[in-house]
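As written, the chains take the letters A, B and C, and residue 1 is the first residue of each chain.
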């Protein structure tokens, strides 16, 4: 490959890295918008720490667990602690499809890794102990995510079998979703959510913050999917842009129609989650689909959202931000869609997709459940009832997210 | 062209696409910041749906209306429904100035298209019916915008005539502005705005949100103008960056001075709109101007803003976010400026620019007025007085944008 | 160099420019989040004007002061007012390490320049007069920043001596920090901050806004550091991405641990400033460090943050956003770290780094102190006690940042 093509590829992969990075702000904004005012500092603190710890542990162990470079077709491999750079600061590793440096490879994958843990963060919001959460996510992103990731992207047994997951509907999104599901089963619902009088909505404290989050996630998804081409290949990256865009748009429309049908109202949170559902849905096959396929996949994902939210509520599985519906349910849908649509479709492919979904789901759910169970049995995972009522911002951080107006302040009449 | 140059061009066009995408968050933030707290969910809902519907309709009809590939020098053409891809998933179409794929061409143009409709959204805020608005914008972006866009960018009659509009001061911004003007004439002002006691300001509910919006729009404008080079040509793209930047900065300074002169106060909303005015102003000739030209064009645009806002208020045309001043008035100014400054300047050019402004303005205004009139005569375009007082968030969406503190809540003293 | 490599380099430098631009939104959001609700419009106004004025003055004088192209090894040079373009609109200037156009060179450097002034903005918040602030920052960014910048990046005497500052821990961040220090010494603390009863915290009004700001700054830092490679060199840019990322993450962890040790609470503002401290710390040597070096440098920067904040408070130097701790103290740390870590480390290097820190610090502090002193002696720099209590939003701008609920409003019960 020529120097200039290598450089163009590497520039694109670094731009994609930056775009995936900003998804972490998207998650932080979305989740803090969807929780109550008294738990906002807690969410922001958790999400700042998750990405930081996640990046460091991925450097320490995750990257070499996910890409062991040995054990092709295997279940597990580990290339040792820390990063190595085979050819010094300017070392280049060329890949079949394009080319970028060792450092680019690491940093792009590291940005991906932390997203799986962040998905959990929203689902367990407003009631989990900070310490237990940080221990959980550290181990989840350092060990569980890279092991199942290796099965496909590290040339492991699912890859050998023909399982297809372009940018991670299963490897990233449903993994985060399974972790979230295990956690909320053990954690239980927020107080006052499921009462004798029925299911009580607990509205989020700031819709603008939630909307900012969703638009930033959509924005970052161009790097998430577009970077998963692993080169700047003009035809593939631009096709991925088109399918990603159309699926997100169709997801909004699907959720709009389905939620109007179900609730007879124009529900902003459903439409926002519809966008995300469409994005998660297209992720597994964004490089395979035609525009029409992409619209259908996104539209169905959008329709799934309100039904899935209602289903989890009926099961009394309390998820303040809808992370399980968006990432788990639409992640499964998107992975199956590869066996239904796309040039690789076929009966055999659908079975392979199902095997991948179940294998990764089983491993992740068991890992997350066992870890959370252990934490529950030892240091505890849930704050006290008093702390939950008071809010985690005061209980865990001794601060408020917003300025509190108080009677008697000199400028009360102006400031309130 | 070499593979590597083609790849670099295509990377730049895709980055520009991503930047134009985030302008939609800019519009959503700006508009929701400038409306009252009771109408915030409505704005966010509308802007999420506009971009989604706009992208889908552009895929279905808009792109092939705007770039029919036939009827050169004509008024109308249509290449059929849906997208086609002449050379498969990796199909490449090389253009004279650079080169990028068919998919890149579509997705960059699709991001542009929805902006025209979004401009209308702010002007009609706080009183329009959701359903009528969505029908209006769907048809506006699917039919009206591409037809006038074809006149210039689709090699139509205005292009043949020598009309110059580099990135859309007229084709995008004034088109959105004309749509907004037609809509607010038919819609009428918000209750309580123009009273017997004079014009009553209705302040926006969140200046930080509005400022976030303006900075994101400025950010995205580097893709809007920089991508309109249609290649990564180093000299042209970097010149466009310089002229765009200086015009925005000069717009802020112009609005600062003019609004201080007019109102004797340091008005944040005027300065923010001054930035946008400068950006709209430079858009028609961003590739032609010297730095000095750009500063003058932006500075004048900034000065125009407060005068235009006062003018529309005197005409009792109520525009909560100043969209008509920013996009219509400064769009006209920027298009004329191409005939005054720049290497292509000359008396003949000024007349041609005027013809383009008037032709596109007349078509768009008539289309928008007729459509809105029809909606008004049938399903109605304005919410009831009661709904307007209550706010559209409750009336149309049955939810609040922010957490409501209420007496008797266990944690009221902490949460308020 | 081939056309396609030149194009790829130029694309990367323009993307980096856009990323540095959005840091200004990061600063605006961070600073407005950390101030009281009554001073938010003022911060947004100042930050919108700083970048605008800064870009224009950098075009007028700053760029040609910083890169005079003469006086190699000297203290001062000036290439004349305004921009010149040696080879017309498409003029290309190739540099040793890569290549990009004259316009790219200017616009990337212009985005950097305004950051130094923005750093001051946060430290002096909530009590400085708007007019004095704008005069101060205009002269600071037009004259002081480019002169010291020239000493290193303009091939001046510090460059000749071997001083190393890759992306500006000293040239940008500590320069902003010294300006801030001079200003807050002369300005005095906010009323009620240091009382007979001890130091009273004045909490910021919106933690989500502050968090949005920090994530956007981290995002933009990939352009700040990555663009400072001055080409798209794959090995160097990707290494810079890795070191920048790991230092930011380690900064969060360092601040988490140190602030828990000091205050026994999980302090969000410390963790956010820890991220920024890590980023400032790595900036001087981001292209020299191994991943392990980067983690150590960032971790120490994170630990520094809470101690530095306590120290400034004990000295009764009131800095509402912690800008002096982040930019000055961690800027010094990062510059020294180049003499301790990295391939260029050595006893001699450490002394050279110290000389650079002291020389630039002395010039900047004296310039800023003298200018602020002059303003204090003439037009005054501090608002009246009454205005400070009332808030600068009303005193200087006659508007509120947020909608004010008021008794008797028809929709009070819904809107509050």
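Keep this in mind: a residue touches a chain if its C-beta (ideal position, glycine included) is under 8 Å from a C-beta of that chain, and two chains touch if they have at least 3 such contacts.
As the structure is a computational prediction, the values presented were derived from the model and not from experiment.
Chain A maps onto chain C through a rotation of 120 degrees [Cα fit, steps of 5, range 0 to 180].
Because chain B and chain C carry the same sequence, their contact can be compared by residue number, and under half of the numbers here are used by both.
Chain B and chain C have Cα centroids lying 32 Å from one another.
Multi-chain contact residues of chain C (touching two or more other chains): 2, 4-5, 7-8, 11, 15, 206, 212, 400.
Chain B contributes residues 2, 4-5, 7-9, 11-12, 15, 19, 36-38, 203-208, 211-212, 214-216, 218-219, 222, 226, 232-239, 241-242, 245-246, 248-253, 256, 265-269, 271-272, 275, 291-292, 295, 389-391, 394, 400, 404-405 to its touches with chain C in the complex.
Per the touch definition, chain A reaches chain C in the complex via residues 2-8, 10-11, 14-15, 17-18, 21-22, 24-25, 28-29, 32, 40-41, 44-45, 48-49, 51-53, 55-56, 59, 82-83, 89-92, 100-104, 106-107, 110, 130, 206, 209, 212, 396-403, 410-411, 414-416.
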